[in-house]
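This report concerns only the one structure given below.
Labels run A, B and C following the written order; every chain starts at residue 1.
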Amino acid sequence: MIDLIRGHYVYFFLAGLFLIGLYAIMFKGNLMKKIIGMSIMQSSVILFYVSSAYKDGGTVPVLDPRRGVENPDLYLNPLPHCLMLTAIVVAVVTLGVSFAMIIDIYRNYETIEEPLLLERLKDEA
Amino acid sequence: MEESVSSALPLFAVGVSLAAVPLILWSRGRPNLREFWTLAAAFAKALIVLALLPEVLAGRTVECRLLEISPEIALHLKADPVGMVFALVSSSLWILTSFYSIGYVRGAGEKSQTRYFASFAVCLSATLGIAFSANLLTFLIFYEILSIATYPLVIHKETAEALRSGRQYLVYALSAGVVLIAAVAWTYNLSGTLDFRPGGLLADRAFEAADLRVLFLLFIAGVGVKAGIMPLQSWLPAAMVAPTPVSALLHAVAVVKSGVFGVIRVVGFVFGPSLMKTHGLDAILAAFAGATILFASLIALRQDNLKIRLAYSTIGHLSYIVLGMAMLVPEAFSGGLLHLAAHATTKIALFFCAGAIYVNLHKTEVSQLNGIGRVMPWTMSAFAVGAMGLSGLPPVNAFFSKYALCLGTVEAGRLPALAVLLMSGLLNAAYLLPIVHRAFFRHGGRELEGHGEASAWMVVPLCVAAALSLLLGFRPNALVHLFDLVLLGTRAVFPESVPFAGGGP
Amino acid sequence: MIGPQICMLIPVVYLFGALLVPLIGWRRGAAGWGMALAAAAGAFFFSLGGLAGVLQRGSLSYHLGGWMPPIGIEFVMDPLSAFLEVVITGIGLLAVVYTRRSVEHEIPDRLMPFSSLALLVLTGLSGMVITGDLFNLYVFLEISALAGYALIAVGERPASYAAFRYLGMGTVGASFYLLGLAFLYMTLGTLNMADLSRMLAVTDVSATVAVGLLLLFMGAALKMALFPMHGWLPDAYTHASSAATALIAPIGTKVAGYILIRVLLYLLGAGEKGSGLPLLSLLAYLGAAAVIYGSILAVCQSELKRMLAYSSIAQVGYIAIGVGLNSALGFTGAVLHILNHACMKASLFFVSGGLRLRLGHSRIPRFTNALRRAMPWSSAAFALAALSMIGLPPTAGFFSKWYLALGAIEQSRWLFLGVLLFSSLLNAVYFFRVLERMYLDRPGIEPAERPTSVARHEAPPAMLLPAVALSSALLVIGLGNTWIVDRLIGPMIPGGM
C-alpha cells in the first residue's frame, strides 16, 4: 500500500488536481471560478502526459554524443511533449473563447454569478 | 405451386390514384376539373383491377416486384384471388363514392374540399396496396400510409369534436402500427421470410407455443384496431364525426376492411390453418370476434344517432368476417370473404342514405326519421334493401355470406359461434328494420313538406349500391365472378378441401 | 482518378476556406459567404469522390507529411468515414446555403465571421471522421468545438450563457477524452487507430486500458449529449441563431457518436473484448433512457427549437441503442439513423429558422393554420420530416427503426424493442401537436376572427430549398435504403459481427 502511494504519488497528485478542477466547473457559482477550474483540469491532464514520458536518468531527446544512440532508455520519449504543446494551445484558445463569452454575459446581464444570472434569465423569459 | 405472371398492372392499380393527387392539388381553384380528376382516377383504377381479373380467374397470380426495401424483402405487389376480392370491392365502390362525394360536399358546403379529395385518393392507393401486398413489409407500409391519409378526413370538419376524434384515431392507429412493426420484425426473425404464402408462411416451422401465442396476439392487436375488434373499437364510432362519404367508404369499406383483410392474411397466409389449430389460436380469435359481434349489436340497439348506430353495426359485421376466419374451415373462410364484399355494398348503401338524409333534411337521429320514406322514396328503399341484407334476409347478398358462415360454424363444430351468428342476425334486424318502419309507416312532421329527394349525384350512387347488393344476391357470380374468386382463394388456403361440395348458394 | 490525397483535401478545403473568408469578405460579407459556399461545395464534391473511390478500391490512406504511420499521422477513408464524410459535407453545404438569409435576419452584420466559423466547425467535424490518429482526432474535436461555442454564443441574449455552459461541459468531455487517451498510450505506446486495434487484438485488456476506455467513453458520451450528460444541449440549441443550430444539431452530436463506434466496435473489436467492462451494454441502456427522457421532455416544450433539441437527445439514444446492440443489424440501424436523423433534423431546423424569419417567433402555441397558407412548402417539408421522425413508412425514419427493431428482436432484448416502439408514439404526440396547429383551424375562434385570406409569404428560396431538398431526400433514402445498407453500410460492418 505504502509502495503504491510512494511509487505513484505524482499520479495521486494529478488525480487530485483533476478532481479539484472538475469540482470547480460543476459546483462553483462564479463563472470566472469555473474557468479557473477548467484550466486546472486541463493542466492536470497535460502534466499527466508529461510525467508519463519521464524516465529516471533520461534526458531531452536531442542526440548527445556522450550517450550515443544505442540505448534509447537514455532519452525521454518526445511524443507526449509534442502532443502537449498542441494541447496547451487548445487550452489557451479555450480560455480566450470563454473570456469572450464571460464579457458578453456581463454586458448583457451585469453579473457573472450563476445564481443571480439564472434569476435574471428567468425574469427575462 | 401457383403460376404467376409478371406485369406492372398491380402497380398501376395502386399508383393511379396517387398520380391523381398532384392533379387534384393543382386544380384546386377549379372544382369541376378537380372532380374530373377524381372520377378519372376512380374509373381508371377500377378498369385496371378488372383487367387483372382474367389472369387471376385462370388461376395465375399477377406479380409486380419493385425495388428492395430491406435486404431480400422487396416492395412486392401481387394480385391473388383473395386480394382481388378486396381490390374489386374497394375500387368499384370508390367510383360510387366519388359521385356521391361530389354531391355531398357541395350539398353540405364543406370546406377544404381539395384536401378532402386528395386524401381520399391517397387512401384508395393505400387500400389497393394493402390488397395487393405480397409480403408483410409491403402490407405494413401501405397500412401505415392508410392510417395517416385517413387522419385529414377524420378531422375534416375541424371542430373541437373532430380534433378530439382525430387524436383518438391517431393514438389507436399509430399504436396499432408500432405493434404491427414488432410483430412483423419478430416474424422475420423467426422465419427469415415475410412473403405471404397460402397455408401460412410460418406453417412448416416448429416454435415455442408461448412465443407463437404472443406473436399472434401482437398481430391481432395490430390489425384488430382497424378491424374494430373489441376492446380496440372505440375510435370507430368517434370517427363518425367525419363527412358521411368518408364514413361510407373508409369506415365501412376501405380502412376497416383493411384491418379485416389483415386478419385474413394473418390467419390464412402467415400462420395458416394447421398451425392455428395446433396451438389453439383459433379459439382466442373466435372468442374476441364472438364477443365483439354480440356487444356491438347490443350497443347499436341503444344508439339514436343514425351514423353511430351504423358504426356499431359495422363493428359487429367486421367481426363476422373475423369469426369466419377463426373457424378454420373452407366454408367459413369463403363466407368471410363473401361477407367482406356483401357488407361493403350493403353498408355503403346505408351510409349513403344517412348522408343523403343529412344533406337534404339535416336530420341525424333515428327518432327524427318518421315519415321520410314518403319524401325520399328512392333513398329509403335503398336503405330497406341494405337493412334487409344486414339482417340476413334473402335475397340480398349478405344473406348468402351469412349462410356460408353458418355452414362453416357447423362444419367446424363450433355451436356457440353459430348461436352468436343467429342471435346477432336477430339483433341486426332489431336495430335496422325499425328505421325502415319509421320511414315508411309513420307520419312525419310538418318540416318535411316541400322536400324531395336529395340531388341525383347522391341518389343514383346509393341506388346503384343497393341494386348491386340485390344483383349479387341473385347471381353471386354476376359482373366480376366474385364467387369464383372466393372459391379460388379458399382453395389456395385449404388445398385438400372442396368448399360447398353439397352445392353452394 | 481518385488518389488517397482526397482524404486530406476535405478538411484542407474547409480550413483554407475559413481563412480566406475574412480576407475576401472584409468589405462585403456576402463575398465571404460566397467563398464559404465554394469551399463547402468543393468539400462535398471531394467527399463524393472519396466515397466513390472507397467503393471502387477499398480504403484510402494518406500519410501526412510523408511520415509512415504509426509514427506519422494518417488520414484514412474507410467505408464508415467516407459515408459520414458525405453526410457531414452534404449537410454542411446545405447549411451554408441556408446561412446567408437567416444570418442577415437574425444576427445582422455577422455574415462574414459566421461563414468563417461555420467552415471551421466543418473542418473539425470532417477531420474527426477522417483521421486515423486518436490524438489528431482530439485536435479536430477541439477545433470543431471551439468554433461551435463561438457560433452558438452569437444568437439571442441568453445564447452566450448557453454557449458558456456548453463550453464548460465540452471541455470536461474533451479532457476526459484526452485523459483516457493517455492511459491507452501509456500502455500500448501508439495513437494510430489501426496499430492500436492490432495491439488490442493480441493483448488482454488490462485494468489501465479499461480505465482509459471508460474515460474515452465518458468524454465521447458528454460530447454526444448522451443521457444523463445532455444538460448543455437544449439551451445551446434553443438560443443559438437558427443557422448555427441547423449546422451543428444535425451532425455535431453524431460525430461524437462516431468516436464511440470507432473506439468500441473497431478498435476494441466487435466481440466486446473488454468483457469485464460492459461499455456496450451501458451505452445501450443509457441510449434507451435517453430515448424515453428526450421524447417525454420534447412533449412538454412550447418552443419549437427547444422541442427539436430534446428530440435530438432522444434520437442520439437510438444511435446509442444500435451501437450497443453489438450486432450487424443494430449497427446498420445506427449508421442509417445517423444519415436519416441528420437529414430530418436539418430540415426541421431549417424550417424553424424560416418561421422565425417570417413570423418572428417559433413558439408552438402561437402557430395557426394561416401558416400553412402563408408558407405551404415550408409546412410540407416540416410535415414530411415529422412523419419521418415518427417513423412512418415509406420515409427514411421507418427503416432505421426497422433495422434497430430487427436487431433488438434478434437478441431477444425486448426492453429495447419496447423503447423503440413506445418512443415512436411519443414522437407522434409532439409532432402532431405542431402539425395540428400548423394545418388545422383552431376550434373556439369565431369565424369572424379567422383570417379570411392569407397572403403567400414563403421563406426565401435559399432557406426553403435546403429544407425541401432534405425532406424529399427522406423518401428517396427510405425507398432506396437497401442500396445504402448493402453497398455503403455492408462493407463497414466491423469484423466479428
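Heads up, the rule we're going with is that a residue touches a chain if its C-beta (ideal position, glycine included) is under 8 Å from a C-beta of that chain, and two chains touch if they have at least 3 such contacts.
Quantities reported herein were computed from a predicted structural model and do not represent experimental measurements.
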Greatest separation from chain B - chain, by CA centre: A
Identity of the most central chain, Cα criterion: C
Euclidean distance of C-alpha centroids - chain B vs chain C, Å: 44
Distance between the centres, which are taken as Cα means, of chain C and chain A, whole angstrom: 28
Rounded Å distance between chain A and chain B, as computed from the means of their C-alpha atoms: 70
Chain C residues within the chain A interface of the complex: 135, 138-139, 142, 146, 149-150, 153, 157-158, 160-161, 163-164, 167-168, 171-172, 174-175, 178-179, 182, 185-186
Interface residues, chain A side, partner chain C - complex: 18, 22, 25, 31, 34, 38, 41-42, 45, 48-49, 52, 80, 83, 86-87, 90, 93-94, 97-98, 100-102, 104-105, 108-109, 117, 121, 124-125
Chain B residues within the chain C interface of the complex: 67-71, 75, 140-141, 144-145, 147-148, 155, 158-160, 163, 166-167, 170-171, 174-175, 177-179, 181-182, 185-186, 188-189
Residues of chain C defined as touching chain B within the complex: 387, 390, 392-394, 398-399, 401-403, 405-406, 409-410, 417, 421-422, 424-425, 428, 432, 436, 440-441, 443-444, 478-482, 485-486
